[in-house]
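So, here come the structures, one by one.
Two complexes come next, and they have one chain in common, chain A, joined by chain B in the first and chain C in the second.
Here is the complex of A and B:
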């Protein structure tokens, strides 16, 4: 796995083409399908399946940024998303009027991002001095602590019941919780986050982050403060997680400790690994598979005579299969299939001449 | 033996106590690994622009000495001054930002990146741009600096290739290039010629001898031909201690050195 699997080096031969010409044709087609989806898809697909996919994808993307580029597997990303979501519920209006402050959206949203970023930075500072399994342990510990804290604290987090009736502001007279506006809102946010990660991967910061992953000692010998770079990555990744977290609260119209429980924290890891944790597209593919399984497992399991709550079993088996057979996730399978096709094509043309 | 003394970190680079006038000054450096002293009581000073070779058999403590100078290891005892400033307890990146550079005995490169990107990254490390979220334009000053450096180590033709695909000798050249990024004031070369062909060695000697005169360096080198051609003074190490110091020609003809090092059964390559 290398730093350069994204794109040829920018410092290398400069690509003189327009940005629009550099995007390959399949991406344009994919983009048009997503844009025109509301014509054919029903509300359930737009709101529940696609909306949830984009949200989970963004939270997974923040993990992908840390793990794929920075080599830091963090189980904190759901907590950071939850922190942003909680802040929207606490600072803005909600059904729990005795706790919520009911501030206006243009104060609430920046504050939610900022507080989540501070939370991520503090937790990151704790986690970055550890490596591998210890990073997983320490972030899991913080995630668990935050979960229990929100469940027991009533003065700020409203304890077990959390907050209901947390609705997006009716900007431009649109009800953003209607399926079609919500679909476009999540699609736009997901596209922005995805684009940002792709762009950042080739910026000096992103390049250095990948250098820190591959060879921290050399990076220090080049003048980089490895610890500061890792902590900054946590802060930056919190933006993607927070975007997902806020949209998640709006989608459910509520947030409670269950949203940020340990199993949700692990689901984010599963989503990223199943899709492919090395590339920004991976978490979205993983999220789509996860959401499909979650939503339709009742039918599938019922068909085979199992109870619907066995859906985690399917997810678990799928996770095992991916980890065993394709460490690069579904995207890795796709790469290998394409390489296989190319090899066979080369073999046949080679045989013909 | 002096314990590491923490002095003010407010000193500007090179603006510290200038009384010694040395680029690098080591006093009583000792590094223990458990009960084993890898180096003991090493005192050494190198003037700005001076080129020094460190010789010694395997296990003499040469690389450990480098690691103590760069901060990869903190010395158990002793003092490191860099251009008059006490840097004994500074983390490596703080020393690098003050103009210290090093190369590694075993190439330590970013093999998945192109040659140009490796050098660009090295140029970013010592600039304020290291946290920049904006991709550089082709006319960026750091990209330009990287281009100059690529030329200096004769890798222009291969600048867009992935480092992992380069020949061994080219990787060694890149290793040297990374250490020359930014504005180095003093460089530590750890066996830069190891494994190079005779032609590549000659090339390396040219690169080292044509460095600007203000850049001093210490070179660890087993090949006496390379070491004595690029260095004017020599420090011999043996069992973690300084065994002999002097001008290159003196050391070469010293009978004790000949006995210990040249005739000591250590094959020269």
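Here is the complex of A and C:
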């Protein structure tokens, strides 16, 4: 995979156009649709479906950054998101007044990002002690340990019940949990994270990380510190996961160990793989499909005469089908379809375009 | 052994002192001061034996996992599902036939067959693509978990141990000495757990013997070391793969019966035992049977001791052991670097 073909509007040195002209037209249309969606969509779509899609997409994006560019499939991203969310609930105000400290938001938010980043760095440093397929095992074990710890520990994490009534601060007099403000908040965060990943992928650090993915020994011989690049990737990815985690807490207004359970950690992987783990857009597409299936599973399953409990079965079979038949996810299918259309066109026109 | 003592005299001394202290704690009756600070000796012995027998169960699950990984490089994250399937099928067989022992061969064959099918139809099609195989095994575990929830529901099942294994047996370990009369109380412990421990040790030794003393074991060890070379020298390696996958899966199924007899089966146990086997093989070393035994023993004892002496932090103890092993010996205690 070269860098050029996966970043929209990639600018070569000779390309002297304005940045706004370099972004292809479909992206502008897509962006306008997202911006103007609140005019047509109802609150349920804005808050539940789109909000959740962006949040899940951001957590999946942090996994995509690690897996697609760093070659490290980490099942830890949900735990990092959960750590940031828990920190917001513990340091800020919440319904569990005996545990929460109730600090103001401008202390809480930076502290949450920082603590989640430290957590990610420590776990990342452990995970990069071995590489390849071991990563998935170690991160799964760490994620499970964190889940069981939050469930057992009552003095910090308030155990089984977790925290409820965790609300976003009323900045600028806006209630950020109202559907329209929340939609724009998540959209802005998702766009920022997406842009950051696209930028990082083309930065010297991102290129070095992709070099480390493809051939660690050669990069080490060239003088790059392989371990430091990998740990730094974990720390950077924690920012995207934390953003998603904090928004997730605000959306649900609560966090409990169930939020960061093992099945949630695997869901993040499912989302990223189904969408396409090689491109930053993939996790968002995967998240959209996942959320649609989750929300409308009752209707879909009822149509085929099953009970709504079989939602996981659909997710599992869908995931299996994607992994077995299209390892690049839905985006890979799209690419193949476009290539097929182009090939047919070339066949009919005799190669002249 | 002599070499080790010569090279690391200080560590040897520490190990020997620790071993003596441990033997004292297990064998001698505890003086009142020790009882005052640590609680009764019976609690300690029960936690220790509980840990060792839990370790035996972990070993049965993890041995198949580590063997499959060592030979085929497949991280089979559906291994916990095989454990749970084994437990449920064992429950059905045991209740239908009324024979606990009959459940073992039936489950071994059924679950081993599932493993064979998985290897034949799925994993062998994507050899060498480790990440894809792992992802497929995750997908399989999601599907299996939901199918089992559909069929057996959310309630918990447990299998009754047969008549001759019920009740406690006396172990030659001092539990308490009455100060006034000098009467020695021996430790009483559920006999089914003791016999499962014995069975796990027998299975472990048998596996070690097969791996190290037979022609089949030689093939497997050669495959672990260099798969391509073994295939090139004319061995039909896919048959070896199938045999190992089926055996590992069957072992996980048998462990399911044991788990259902020890504790109980319910949805979620599959991830619990998958994680236990992950931690066991990370600690013990990937692909090593002896490593799996050592890791299972350490993790089992740490878990039970943690539950008794520091209930809130028992998971953290397990995790810290794993982190320490990763930090100082990333390939695991008995693993080899590849």
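Assume the second predicted complex is superposed on the first by the 337 of 353 C-alpha atoms of A that agree within 3 Å, B and C clash if a C-alpha of one lies under 4 Å from a C-alpha of the other, contacts with A are read in each partner's own complex, and residues count from 1 in each chain.
Note that in this section a residue touches a chain if its C-beta (ideal position, glycine included) is under 8 Å from a C-beta of that chain, and two chains touch if they have at least 3 such contacts.
This one's a predicted model, so the numbers in the text were calculated from it and none came from an experiment.
S.K.: Given the touch rule stated above, what does A:215 touch, chain B (first), chain C (second), both, or neither?
M.R.: Once the two structures are laid over each other on A, A:215 reaches chain B alone.
S.K.: Considering only the touch criterion stated at the top, classify A:273 as touching first (chain B), second (chain C), both, or neither.
M.R.: After superposition on chain A, A:273 lies in contact with chain C alone.
S.K.: Between chain B and chain C, whom does A:35 touch in the aligned arrangement: first, second, both, or neither?
M.R.: neither
S.K.: Output check: A:141 vs chain B and chain C. Expected answer is one of first, second, both, neither. What do you get?
M.R.: second
S.K.: Please write out, lowest number first, the residues of chain A touched by both chain B and chain C across the two complexes.
M.R.: Looking at chain A, the two contact sets are disjoint.
S.K.: Sort out for me which residues of chain A touch chain C in the complex.
M.R.: On the chain A side, the touching residues are 73, 126, 129-130, 132-134, 136-138, 140-142, 144-145, 148-149, 152-155, 262-263, 266, 269-270, 273, 309-310, 312-313, 315-317, 319-320, 323-324, 327.
S.K.: Under the definition above, what is the set of chain B residues touching chain A in their complex?
M.R.: Answer in residue numbers: 70, 72, 91-93, 96-97, 101-102, 104, 108-114, 116-117, 119-122, 124-126, 129-136, 138, 143, 146, 159-160, 162, 164, 178, 181-182.
S.K.: Which chain C residues qualify as touching chain A in the complex?
M.R.: 73, 75, 77, 122, 130-132, 134-136, 138-140, 142-143, 145-147, 149-150, 271, 275, 278-279, 281-282, 286, 311-316, 318-319, 322-323, 326-327, 330-331
S.K.: Which of the residues in chain A come into contact with chain B in the complex?
M.R.: Per the stated touch rule, the residues are 1-5, 8-14, 199-200, 202-208, 210-211, 214-215, 217-226, 229, 232, 236.
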